[in-house]
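Next come two complexes built around chain A: one with chain B, the other with chain C.
Right after this comes the complex of A and B.
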């Protein structure tokens, strides 16, 4: 895991008692993501990595796993073209 | 007849979930509450719920959140219910509040409108008796969070007609949901059995037979339940559990519903579950 992925894992692990979360593991399938945690996760990602998550980015595919979230961070951190 | 406009009375947790669920399935909703502040918060929560819905619901292209939000009217005026096709009431589970509300709803809503009482414990037959349309009143026990739960416990009260049940089914179909119709006795099916199970699990803990983790692990790994009874209690709130089991105790006058002294003690101590940060489990701060 790279640095971004480690940070995401650390954040998620706070909500997972005694479970070693893997990089491609589906966090929603694990059943511990409440609507409140989803909001906390998005807020964490925005603050920690200094990116802006748009409504259109709030999709299962962008938050499904550590890798999916780090890919989103990488995309959002790329220089804006707009 | 297609049900287009639905009144939702009470903008607490259930009202918020219903408003969102109705609007995102294309219905016009009128959300009524006595408090403008509660309505303001409801609007914000529905906005957030819509924004985040992509994280919980897979599927087709999502409509813009503001478009969906635009289908909901937020008001403190019951008169806004004058042209609803269907009404779902979720005011607090207190008889006095329902007793004052239903005659007013009966006066303002169209004669054809069906009334659904969204409750987990109050007698639907008794509520229906407050109106001049007892055949058009049924119980609909929605589960939280409403937009994500596909099944509803529907309750046929003494006078509920087949046509009324069919209308309720139709609305649920339009919302992408379904129901299981049961009879009207306190606690219906879900709460009557769940509360008894949770209460007995607390007795097990009280008697030192097992730890909370062990109780929940057994239900999850042996019975395939998604959550054990004590985790579920923490999620619902121990005060709500105690209130529900007390209502059942009084309703049936049956000692099998007597609340566990440990449950009472935990409520007295402010250990209410997730919402207070500690219940049968410790949730730490800020969870």
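Right after this comes the complex of A and C.
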């Protein structure tokens, strides 16, 4: 995992206790994502990586796994092209 | 860690306090009896940028920070919890639009909300859906003309005068949020009377019968209406209600200070009786503790820290239960006078109880808080 993915794993692991979350593991399938965690996850990626999650980004596939979240961060962090 | 207000925040608090003492406190008991606040006080809130005050400058707001916003909410609630509830619901909707609205929705609605030109209300609860918000029965269907809503909402605070409603409905079984303007065809608003807490908060029942709204009034994405849009509104509401409960606690303390100094029994002021002092001591410490929790939650919210969600929940839980205890003790201290309309403490008790029910009941907070991993100090 790269640095971004490690940070995402650390954040999610706070809610998973003893489970060792894998990079492509579906966090929704694990059944621990409440609406409060969903909001916290958005706040976490915004604060930690300096991005703004918009309404258009509200797609479960953007938050389904460590890799999906890191891909979202990468896309949102990339400089806008003309 | 420095836990003190800035010079600007102190000045703002003094301004709020003076306003409430002059414009709200003297009228609150009458508004409570009449089950409505005055148009004049709403105009005064507008004129002072007290409505929608978290809306950022880009959309015409003053972008009040969360600490200052909390101080405003406390002071307003110290005077009248019904007026506080107007700020709460209006700002909940503004916050949700600012957080999850499309650029077009932000441009369309936020300037009017920031000026208080349009009042907003949250239409979430239904006859069969309270704490279980995912169980709403209001439906949305897609049509060529737009979204078509059918269903009923209940306990909509300030629904009687709101011009814009944030509504949760189900589209194909998925919780989805919509912005519904009051004039929308198929929407009927009826006053809901007979409540005994925050009696002047002008509750309404809304009925949607083939209520058609433009496609552009979907806010957030389909299926994210509760988990993100309404959740953002509720999180802001919890913060506002927590501060409102602190305001009630402070109002109880102020009333008891006055009463125990003036009222004499057994030849001495009540304040000389040790058992009364014990009640006052608990009230003083608990109000201060609740305020500190609110300040910490506000500071974290300003930092956009994910921990803010649980700290806000903790603050709301403690402050609302504290307010009920403080108001209960305030009535006890006032004795028979506490049961009379001549003193405000009975209203404080009724209004405090509301803070334990709205924006997540005490039991919802008790159920959720142990699931969080709180940071160690």
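As a convention for this text, the second predicted complex is superposed on the first by the 80 of 82 C-alpha atoms of A that agree within 3 Å, B and C clash if a C-alpha of one lies under 4 Å from a C-alpha of the other, contacts with A are read in each partner's own complex, and residues count from 1 in each chain.
Convention: a residue touches a chain if its C-beta (ideal position, glycine included) is under 8 Å from a C-beta of that chain, and two chains touch if they have at least 3 such contacts.
Remember, predicted model here, so these are calculated numbers, not experimental data.
Using the contact criterion defined above for the overlaid structures, shared-chain residue A:28 touches chain B, although it does not reach chain C. Using the contact criterion defined above for the overlaid structures, shared-chain residue A:47 touches chain C, although it does not reach chain B.
In the overlay built on the shared chain, the residue A:58 is in contact with chain B and with chain C. If you count the residues of chain A touched by chain B and by chain C, you find the higher number for C. When both complexes are overlaid on chain A, the residue A:38 reaches chain B and chain C alike.
The residues of chain A shared by its contacts with chain B and with chain C are 15, 35, 38-39, 42, 55, 58-60. Contact residues on chain C toward chain A in their complex (touch as defined above): 100-102, 219-221, 223-224, 226-228, 231-232, 235, 303-306, 308-310, 313, 368, 371, 373.
Chain B contributes residues 48-49, 51-58, 65, 145, 226, 287 to its touches with chain A in the complex. Residues 11, 14-15, 34-36, 38-44, 46-47, 55-56, 58-60 of chain A are the ones touching chain C in the complex.
Of all residues in chain A, those touching chain B in their complex are 15, 28, 31, 33, 35, 38-39, 42, 55, 58-60, 63.
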